[in-house]
Amino acid sequence: MTPVPAHADLTHLKADFPILDRISHSKRLVYLDSAATAQKPTAVIEAMNRYYREYNASVHRGVYEMAEEATAAMEGARARIARFIGAAEARECIFTRNATEAVNLVAHAWGRSTLSAGDAVVLTQMEHHANIVPWHMLAAERGIEIRWIPVSSEGVLDISGLDRLLDGARLLGVTAMSNVLGTIVDVRPLADAAHAAGALVLVDGAQSVPHLPTDVQAMGADFFVFSGHKMLGPTGIGVLWARAELLEAMPPFLGGGSMITDVRLDGFTPMEIPWKFEAGTPAIAEAIGLGAAVEYLEAVGMESVRAHEVALTRYALAMLADRFGDRLEIFGPTDALARGSVLSFQLGGIHAHDISQVLDQEGVCVRAGHHCAKPLMRILGVPATARASFYVYNDEADVDALADALEAAEKFFG
Amino acid sequence: MSGLEDLYREIILDHYRAPRNRGELPVPPAHKTEGFNPLCGDEVVLYVELDDDGAVRDIRTAGHGCSISQASTSMMSAAVKGKSRAEVDTTIRAFKALMSIHEARLVPEGSSGDSDTDEGSAAEVNLGDLEALQGVVKFPVRIKCATLAWNTLQQALAP
Amino acid sequence: MTPVPAHADLTHLKADFPILDRISHSKRLVYLDSAATAQKPTAVIEAMNRYYREYNASVHRGVYEMAEEATAAMEGARARIARFIGAAEARECIFTRNATEAVNLVAHAWGRSTLSAGDAVVLTQMEHHANIVPWHMLAAERGIEIRWIPVSSEGVLDISGLDRLLDGARLLGVTAMSNVLGTIVDVRPLADAAHAAGALVLVDGAQSVPHLPTDVQAMGADFFVFSGHKMLGPTGIGVLWARAELLEAMPPFLGGGSMITDVRLDGFTPMEIPWKFEAGTPAIAEAIGLGAAVEYLEAVGMESVRAHEVALTRYALAMLADRFGDRLEIFGPTDALARGSVLSFQLGGIHAHDISQVLDQEGVCVRAGHHCAKPLMRILGVPATARASFYVYNDEADVDALADALEAAEKFFG
Amino acid sequence: MSGLEDLYREIILDHYRAPRNRGELPVPPAHKTEGFNPLCGDEVVLYVELDDDGAVRDIRTAGHGCSISQASTSMMSAAVKGKSRAEVDTTIRAFKALMSIHEARLVPEGSSGDSDTDEGSAAEVNLGDLEALQGVVKFPVRIKCATLAWNTLQQALAP
């Protein structure tokens, strides 16, 4: 585990996020739903504005100055993002709409060309729907088998049967951090086991990349997916990283302009990677915006991000236990070092929707529902939880506001 | 923007805390129908016993969910119990019209609304306590909580 | 054909486009590459900024106020866009990344579930790669046959053999306006013939929606695709429209969050349309931005847009013929009423790249290359053309600047 | 940003207007190799005749394309004609190093550059007229125009 700097005071960052000036129901906004989507610093918003106001042009083929600037900005963003996650080369990063499309790209281009009836894909029971449904679709179409790594009652993976599950498997799909439990998965040993069994490893980094230092090569991933909007970047952009040889061996996914070197009446020749997988006019502004988000996170430092969140999570776990005792049940690991800053909870018998509604009235935004992880919710035995999640712009005052609002909810429904 | 009092009227909290007609009925003569809101996991179970002429002789409810879906289920059961089929149909239509006001605002002109609603006739119906649920329309995600019991009732009454 | 208002002075619109203040090579920017991507008015940029600065939140499931505002804004945009193209219902509009992804969605979800070996898809020889390559991929996978409607030497479709081509066909794919020739295709009679033959009709509206009034129902389309970035909207957003019954009968395309009503370990249940086809966190800001672009175009009026472009194209055709005579060859219809405001040309023996490079030096942006229409380029017998294209913010001074710059190119390479 | 003169130096326009070594050679003894830039449709055809020791005894060029690809083809043919294999290899490396300066700027540190280049040794080579093509690196889309002939030559020389 990455060593955590002792101190990381990020208070000064709040000023970078214009939305935090919002007044919600005459209260200051306390945004605790970053696991769903993060707020955007001015630097990210302005990077996209600059593109639209100063050099908006289509990329790759234009000869004129603006087109070259746009191309350089987009490819520069790709290179920066690649470096941020420890990729060996920029061309290993494919831009997608979001993490979900990235998993689907793997299921279509790699899965359909590689897997056939009887092949097994191993997933964990705490995967997000994004890393389940594409495989269900492939299972229905191709007759592949899906096997499940169970989740223990402490909310961690139970890998006691791993070797049996991996026997004959072609792919292991695993989240690096649960969006419900916060559980951080130590991917490397799983990846080693998978590779030893002859399976490739797809890691869902949608929750980990925003909050932890990432090194796709060190963790042993073959495919790695994440979304821009959860890491201070814009909507409409995500990334699939994969090793170059894998990408080069895969057939294309979507067909159209930019992903070809030739099109004839009787067929086409695909382009080299990464463009082979980027059909049509790309999300240019969004790629540039994600590059700016990475630049922002690099300036803060991912170690500092992590240290800040560990401290805040620790504070929250202790303070909430203190104020609510047994009435508040928090799911997932109790050690802040073993988890991200995502707190899913139940408060007495109050339904998550009602909690979230009362909290909203106090300006506090939390999520209520199944968090796109229904199989996990069934295992936890709850139809819905409320979930508070923290990021760089949150502080102890926000956690206090959460606790105060939860007390209000208890009073209201008491 | 509206306050919590608009959503959680006293009468709603009352039905939530002390739901009417909770329980089961023997099947048969009653029918059992389940309703499910996949978005939030709320579940409504209705036991409905009809007269030969379609009147709701008795009704009981089970399931779990948020205060709005629970209160709406309770209020629905009270509103239809002992009522003729025609009265029940009118009440369903009126209630759905009440709930569709917001949807009409969300989906601008030119795209079709809910074909189930009939605002003309609905306006004349006195919904009594049920009017308290009108505040829900200002909280669009909660509309499905309020309508769950009613959609389940419609299913229960479908031929 | 829609009657064209006699007069449409759009001069005042220039001020809405901040990029037009740009100085390029010490010249004012003369942007003539709108067929590749359009510039954005302040209203569109600001609509997205407002989302990011004031109510950024994930859509559809959040209970709190900001999430409801974001959902209302995104679904409001969908409804506005649906109305703009004459759709019967908002839920018939699926958000995609671009027109290219929209065609691929049809090829995957409809094509793979409907077509099998020997089935024929009819395309025209002036399709953009976006409406060719997805069908090539399906042909390679499934053994479907692709048949081609030829293009005459005047640059219009030669439909003399249409009935034969449509015999036994399952789909007709046709562009509503060529991005190379400018040719406007009268879709309705083709659609009637296709329907009579039992085929569905996919219309590529990427070039037509930005420039002509659109009524998907009146033109007889079954599927209709277009891109936001070519119609004053942001990158990263496009639309597939299809009749509700068709969409409802189709299996999903991408799997993940938001497109399901339930996920179990052994399978999933898809959501109703449109969400069934929108897996993962959508391009929220981009959908809102496209809604704002449609609002802007509605305020200008599509009849006025068309009238403005017809007048400008007429001016350009006459003036360029006058100044360059036979040295300048313009491809496609010579009647401004039969074409969009896209002028592909060759000037003497000067290569398109060299023309574009010299023009750039004069601040004039045009495209050079194959315009993602290689089959058509082979028919025209040219490896590359230069292409100037106009939009609402262009005027006669821009066309004059183009002519001046072309003279400079002639001098340079003369 | 740079002016046209940086790209279209006099010597480049001269090679464009009066290309050297245009034509064909009998095959065999010459080899014919075609290069193609799919992005712009440019095409280079090389006829290369080698000595037994790999020296370029003679070379002719055909094809079509923009001024940069045509001039680069012409200058390349002049630069390698009659040269030993070692000299040709050094020239190719030096020219590619010249062209990679911009790519190095485009792709920031941490991602690998073109593994074909070898800037250390390249710096010492005097490219003569070819240096005129250095202006191309300021126009990234045109780099592929300038390198087309050289990539085709490499193919022609490949064992």
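Order as written gives the chain letters A, B, C and D; numbering starts at 1 within each chain.
Convention: a contact is a pair of C-beta atoms (placed from the backbone, for glycine too) under 8 Å apart; a residue touches a chain by one contact, two chains touch by 3 or more.
On a predicted model such as this, the values are computed, not experimentally measured, just so you know.
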In angstrom, rounded to a whole number, how far apart do the mean CA points of chain B and chain C lie? 45
Centroid from C-alpha atoms only, then distance chain C to chain D, rounded to Å. What do you get? 38
When centres are defined as mean Cα positions, the distance from chain B to chain D in whole Å is 77
Tell me, which residues of chain B touch at least two other chains? 1, 39, 139, 142
Residues of chain C that contact two or more other chains, please. 25, 61-63, 65, 67, 260, 262, 353, 357, 368-369
Tell me the shape of the graph of touching chains, choosing from line, ring, star, complete and other. other
Identify every two-chain combination in which the chains touch. A-B, A-C, A-D, B-C, C-D
Chain A residues touching chain B - in the complex, by the definition given at the top: 25, 351-354, 357-358, 361, 368-370, 377, 383-384, 412-413
Name, in rising order, each residue of chain A that touches chain D in their complex. 61-63, 65, 67-68, 71-72, 75-76, 79-80, 82-83, 87-91, 260-262, 269
Residue ranges of chain A in contact with chain C within the complex: 18-19, 22, 24-25, 29, 33, 36-37, 39-40, 44-45, 48-49, 52-58, 61-67, 97-101, 103-104, 107-108, 125, 128-130, 132-134, 136-137, 140, 146, 148, 227, 229, 234-238, 252, 254-260, 262-265, 267-268, 279-286, 353, 356-357, 359-360, 364-369, 372, 374-375, 378
Residues on chain D engaged by chain C in the complex (per definition of touch): 1, 3-4, 7-8, 13, 16, 39-43, 64-68, 139, 142, 145
Complex contact set, residues of chain D against chain A: 1, 38-39, 106-112, 139-142
